[in-house]
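Multiple structures follow.
There are two complexes below, and they share chain A, which is joined by chain B in the first and by chain C in the second.
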Partner chain A sequence: MRLNHRNARFFLGLLLPISVLFLTGCWSSKEIEELGLIAGTSLDLDTDITVTNQFITSETTGSGSRAGNTQGGSTQKAYKNVSETGKEVLPTVRNMLLKVDKRAFAEHSKVIVIGEEFASNFNLQQALDFFLREVELRPSSMLLIAKNRASDILETNEPTKIPAFQLVEMIKGHKRTSKILPPMTFAQLEGKLESNASFLVQAVVSDGDVKFSGAAVIEGKTKKLRGFLDEKEIEGITWITGKGQGGLVKSLDKETHQSIIYEVLSMKSKIIPKVNGDNISFNITIESEGRIGEQWVLSDKASDDEFIRKAEKTTEKSVEHLVEGVLEKLQQEYKTDVAGFGNRLRIEYPKVWEKVKNDWDELFSQVPIKCNVKITIKDYGTSGE
Partner chain B sequence: MWEKVVSYIPNWTVFMQGFLAFLIPYIIFNVFNQLKSEKKKESQKETNPNSSQAPSEHYTGDYTLDYERIKQQIGHNWDVHFREFLLGDTGVRVAIIFLDGLSDKELIEKHIMMALMQNFTDEKYDESSFKNGEVLQEFIKNRILPISDLKEEQDIKLSATAVLTGSAALIIDGISNALILDIAKGKSRNIEEPVSEALVRGPRVGFTEILSDNTALLRKHGENSNLFIINFKVGQRSKKELIVAYIEDVADPNLVEEVKRRIQKITIDDVAESGYIEQLIEDNYLSPFPQVQSTERPDRVFAALMEGRVAILLDGTPFALVAPVTLGMLLQSPEDYYERWLPSSLIRLLRYLAASVTLFAPSLYIAFVSFHQGLIPTKLALSIMRAREGVPFPALIEALIMEVAIEILREAGLRLPKPIGPTMGIVGGLVIGEAAVQAGIVSPVLVIIVALTAISSFVIPQYNAGITLRMLRFIAMFLAALFGLYGVVIFFLFLCSHLVKLKSFGVPYLSPTVPYRAGDWKDFMVRMPLKMMKNRPRLLHTKDSTRRKD
Partner chain C sequence: MMIAQDRITTSQAIVVLVNYILATGILTLPRFSLEKVKTPDVWISVLLGGLIAMIAGVIIVKLSQQFPEKTFYQYNQEIIGKWLGAFLSILVISYFFLIAAFEVRTMAEVTSLFLLEGTPTWAIILPFLWVGLYLISSGINSIARLFEIIFPITVIIFLLVAFLSIGIFEIDNLRPVLGLGIIPVLKGVKTSTLAFLGPEIMLLLIAFMQKSDKKKAVKVVLVGLTIPLIFYIITVVMVIGALSVDGVLTRTWPTIELMRSFEIPGLIFERFESFLLVIWIMQIFTTFTITYFAAAFGLSCLLKKNIRIFMFALLPVIYLIAMTPKNINELFKFGDMIGNAALILFGMLPIILLFIARLRGVKNEA
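Take a look at the complex of A and B:
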């Protein structure tokens, strides 16, 4: 057979796509019903590390509701939690193969919950290395810190619910309240850990029902859990960072001591670092627009300009109080900067930052911070009273 | 040193793989080559003129002899009628030969025989002049027979053929010709709306089996002296009329020549339907895609002619062929132009969507369910998981069962008599879908996907294009089951590389996408307003490229 020019081109053209077929290593067919989807993982410290995976399999999914219909509230749950202990994470996870008939599949994993004990005893960069490294885990999965045992968080009394997915739905509420932090995904976590900065992670607590409660402070230097902030302090943090998209502020009317509830519509904040020689100080300017959501003061009309101005003033006071409260705790008690002051300093005074960054958390506790709040009430809803 | 070299030599499995990677394309290449060279041999054979024809016999003018000879030729046929009589009062013997059923008997009796049998002596011609054959022939032709299409034929064989196609032959004593009177009148049916290409808006006219009716439909479309209708004869044993129609001052002469050349090269004993022509003149007979458009609609044909394409009409079939064709044309409907541009464009986009659903939906399902479960949104993954619980087959087998079942249903619905067809389809579909799910053989999600695929394939206005896509869908499914999404991508690349190379009468099949012509995109995925469509498709190299002048 003669290979003329055209034939040769045809031949080579054919060779290309066919040789591609031989390059494949992706012979990984696995049927979806043979998988055990890992919805969430919890890490606890007993004597060793206890890893609990929340599996959803084709048998458990929907069985909660189905059982409820046919057997009148059977106890079969929509998920199956499997625990295993070991010294490191991956070998422990692999040991689960001995217990579970399904192939573990983590691409739908939504949340990783770390117990209080675990977080305060391990350097998170070491302990979470597997989760940051594993390709099957999405960088979009969230990190939460449990105030007691993490494996309790992945349990629920309602058999039809899947706790890991519930947590994800709940954290979406951060858009409507300033008491929940925006989710800390693994993509963000990696950056925080690498940069040695202190940061906050949403904390959860379980007493039968799972509840978000405050935040865990992770210290940048040790990468261990330093302590917790309560919801009020989270609100303060949210006001400092200005990242909130909603929320309420309660303040008391001076004369009547009745509540005025201010509902945040927008929030803006600016942290301005000031460097004077060796003295570093910060100014926080917070601006917010919102409306009166509820008011108990009977003597005044909400439509009255004077009342509005009064309400703005008291709300400003309340916000200042929130901010000062959290700053005091951060500076005095935890001595960590989790609100991004260091970051602002790095951006505006990079040379100063180079000098101070190594013991910034220490320095931060000494820095004077001034707070300036401006609240504008735009409307008072549908009631003028 | 040597050991170091040896350490870099891969082990035998690598060589084996390399060898395979070489061998498979090599074999495929060889097979293709073999097929191609066979085609070449065929075409070489075609060029050999087959000059082995029997010596022709001519009429002598001796009535008895001629009569006997033509009777020998076709007299054994039951439907050929011979009628002898005398020419008026001249006493000249005449025979009329016609075919029962094809020839118009009433016309023969009332106009031909009546005229010939009555006394027509004229003052100009006396009886003696009728003894002269020439004069008699002229007289009969000019004065007696009220027939518009009249020929003299000297060859007995050819006149016999003419009789067999419905003409009447007149043999007159003393004349060394037969007069062939074209009085063929086949049974024709009414002009109806084509079943396979029904429109909501548009003419309710379809071609029929009678060629002259069909050409008349084209002529009737509008006054146009440049509509050329050229005839050919195809078929070596049973000859058939074939018409090539084009608009002379629009169509590219090279294209017209090419179509004519390919038609002349057809050597086949019988052409049963225009599908034969389509398969004999297409560029690549290994391609799954139709390279000639077939349609029953005169308006569609005329629109194609106006774009500079060429139409081929064959006697005996309502399906006209249009060439060249592009992939975009297969997804167009004449209605796109009759309705306003916005709804038309949206519907056209919908068709493109439906075409890709037909092609990819089952394969994507397989790829996602058995390879890339992480790409399914979590909640959907959970419900698919729940649905597939207890299904004993892998996704491919599951999908194949349902896809094949629905193809069987479709084919069965087609064959069944009209009143039961749809009922069977619905019942069969419901039973198979519902019962298969109940029995746990397939999952409900798959039933949705299969139904979606089947319905989408019927959105495509060209029936044969729909079949093409349904066929390719199975290849995509196998590749998806082997390699997952990667296989689907490979399939798509293969398909693209094939389509890019495919040509229909010299026009790239994928145009105007490849080669890219921005101007032609006005009538591709969306149909721009008629005010903007000023030019004919540029790829057709039309003589007159402007459609509208402002």
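Take a look at the complex of A and C:
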């Protein structure tokens, strides 16, 4: 009995050192000081592909905030951009190992910016394949298209800021203006590229400051950049899709030529396809409720029924104008459907869609589209003047 | 035999069945079924698949209820004779341990892709096998009790992560309903029925149920299939709603992709794919252990030896089979093969056996 006890103790004692072998813990751990977190990536086409990764490392974060605190004591930035060129994306990224001491870690990558040249010369399905395939890159990261060079977008003059993260914050503004598109994440991108549909990607431009500016039209057939829409045209798109959650519409009073600003509180749109034999046409019904946000017309009172009716009318005209403007550009110039007309046709007339889907963009450019706008002004803020 | 004292209740039987059914399907069903259907109506296929599985399940139960105290391995010899019965038993046993091997390998593939990059496959599989062996060595009751712990965790976490993805859900991706008619939907029924593999466990489970509960076996099958049915429909709807039909088709593991497609800042956690993987691995573990147990139990019935011998003997076999597929495509084909075998073994055979049993009037009302 006693001996057994001792024996058991001996073996248990043996277990202790043995268990150490299995308790090495974080076996393939990576120390955060040794990581280079990739915050964003840009792709440009020079003679080859130029990939620029925005790294955040333990050194840059330290220096960035210190510089901020001591007001320019050091000029080092909160990020470090590293560029490399090559024929494909992955080998190029791997070549960065040759000049970066940190292990690149892309789990926190938020944004991928591609340059105008790159987007108009490459089929995006081929060129972005790496980003859709790699496990370390999350499908929640978003795509932007830069006018001119994409690597400029990842630069900023403010040393404490990280441009890639700023872009993410900025795109959240789509909730309050109809001039920014909802983000195009890689999760959605995959479906868009696969379905051969044309689509829009938020465009961004850098002239010292980084600024969102219009949208890039990606053509479904070639999957290349077709051209850009300006901010006004994005507003038109937002009204057509009814996906906006806010925004302003400016219109001019007929008599005085002074501005009336309508603030959108809600927006609804219905695209109704009509099929008559081989003829396809669309009716858009847009309904919106809002308030008068600002008005410059001195002769009228905002509380006046007459004035409200007048403001509704002029606002309706302005919205119609926006919608017609963008439709003209899409149908005449780009000949691409990026406003979801095809999608509505697919839902309402699936069998017709099966027939026309292969050259839908071509067909779309000749489809008659009618537009109906109904604006309701609910209130006029805190001033009845 | 060891049946005598080892009994489980009705609710335990339901939990065992649910845990057995839920496995790899959660991650791959959206793509596999979409590849066949190609319209957003996949959820209807899943619904039909579930109903078919219920019918098959009820037939299996009716068959087993003819012999309430015996498992399939024992009563098939009474119906169709000793040799044919033994042959059938061997087929079913092989089926069970092939499933065990398949589940283990799929688990290893997903884990090494998303969680443990660089860890060798054997190092992922071996501990999994050992823990499974440890669990089943104490019989069906401990298995059922562990499943009872795993089940509520799965339900809560699954519903939580599924509904968190509502932010990227777009109803237009699921429309139109039946736009191209019912034909595409029917094409996907077979694939989605295969996601409901599992009612076959009732061939054994009824013998293990408490005497008073045996009459409720039909209820076990119906409830036990309804829960996975709800899980699958939620999965398919959320995945297609977020990624669109064309997007799902290109993703290897669409459901994980869905969880990786959104981040919710402000909560304690921003990312939720690891939650899904955790419950998924638990579900693989439950499927693995129950099939492993069923195979070992079958061998012990057939050869009339202690079950422990077979538990240990099967372990290396399962490991070797699990390591056989050379790449992920072979693994998926392996899964298809098992599914087809199941359709014949458990879709057709029970009807024939039930028919013969009624015809010959073999019955065992112990």
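Please note the rule applied: the second predicted complex is superposed on the first by the 351 of 385 C-alpha atoms of A that agree within 3 Å, B and C clash if a C-alpha of one lies under 4 Å from a C-alpha of the other, contacts with A are read in each partner's own complex, and residues count from 1 in each chain.
Everything that follows uses one rule, which is that contacts are C-beta pairs under 8 Å (C-beta built on N, C-alpha and C of every residue); 3 or more make two chains touch, one makes a residue touch a chain.
From a predicted model like this one, the values you see are computed outputs, not experimental measurements.
In the superposition on chain A, A:Asn343 contacts chain C only, with no contact to chain B. Residue contacts after overlaying the shared chain place A:Gln76 against neither chain B nor chain C.
Look at A:Glu354: by the touch rule set out above, it reaches chain C but stays clear of chain B. With both structures placed on the common chain, the touch criterion links A:Phe165 to chain B but leaves chain C unconnected.
In the superposed model, A:Ser29 lies in contact with chain B only, and not with chain C.
Contact comparison for chain A: of chain B and chain C, B touches the greater number of residues. Judged by the touch definition given at the top, the superposed model places A:Asn372 against neither chain B nor chain C.
In the overlay built on the shared chain, the residue A:Ser259 is in contact with neither chain B nor chain C. The interface of chain A with chain B overlaps its interface with chain C at residues 28, 138.
Those residues of chain C whose C-beta lies close enough to touch chain A in the complex are 113-114, 116-119, 168, 172-173, 175-176, 179-180, 242-251, 257-258, 260-263, 271. Interface residues of chain A facing chain B in the complex, by the touch rule stated above, are 1, 7, 10-11, 13-15, 17-22, 24, 26, 28-33, 35, 37, 56-59, 61-62, 105, 107-108, 110, 136, 138, 165. Residues of chain B touching chain A in their complex: 17, 20-22, 24-26, 28-30, 32-33, 369-371, 373-374, 376, 378, 381-386, 388-391, 394-395, 481, 483-484, 486, 490, 493-494, 497.
Residues 27-28, 132, 135, 138-140, 185-188, 190-192, 194-195, 343, 346-348, 350-351, 354 of chain A are the ones that touch chain C when the two sit in their complex.
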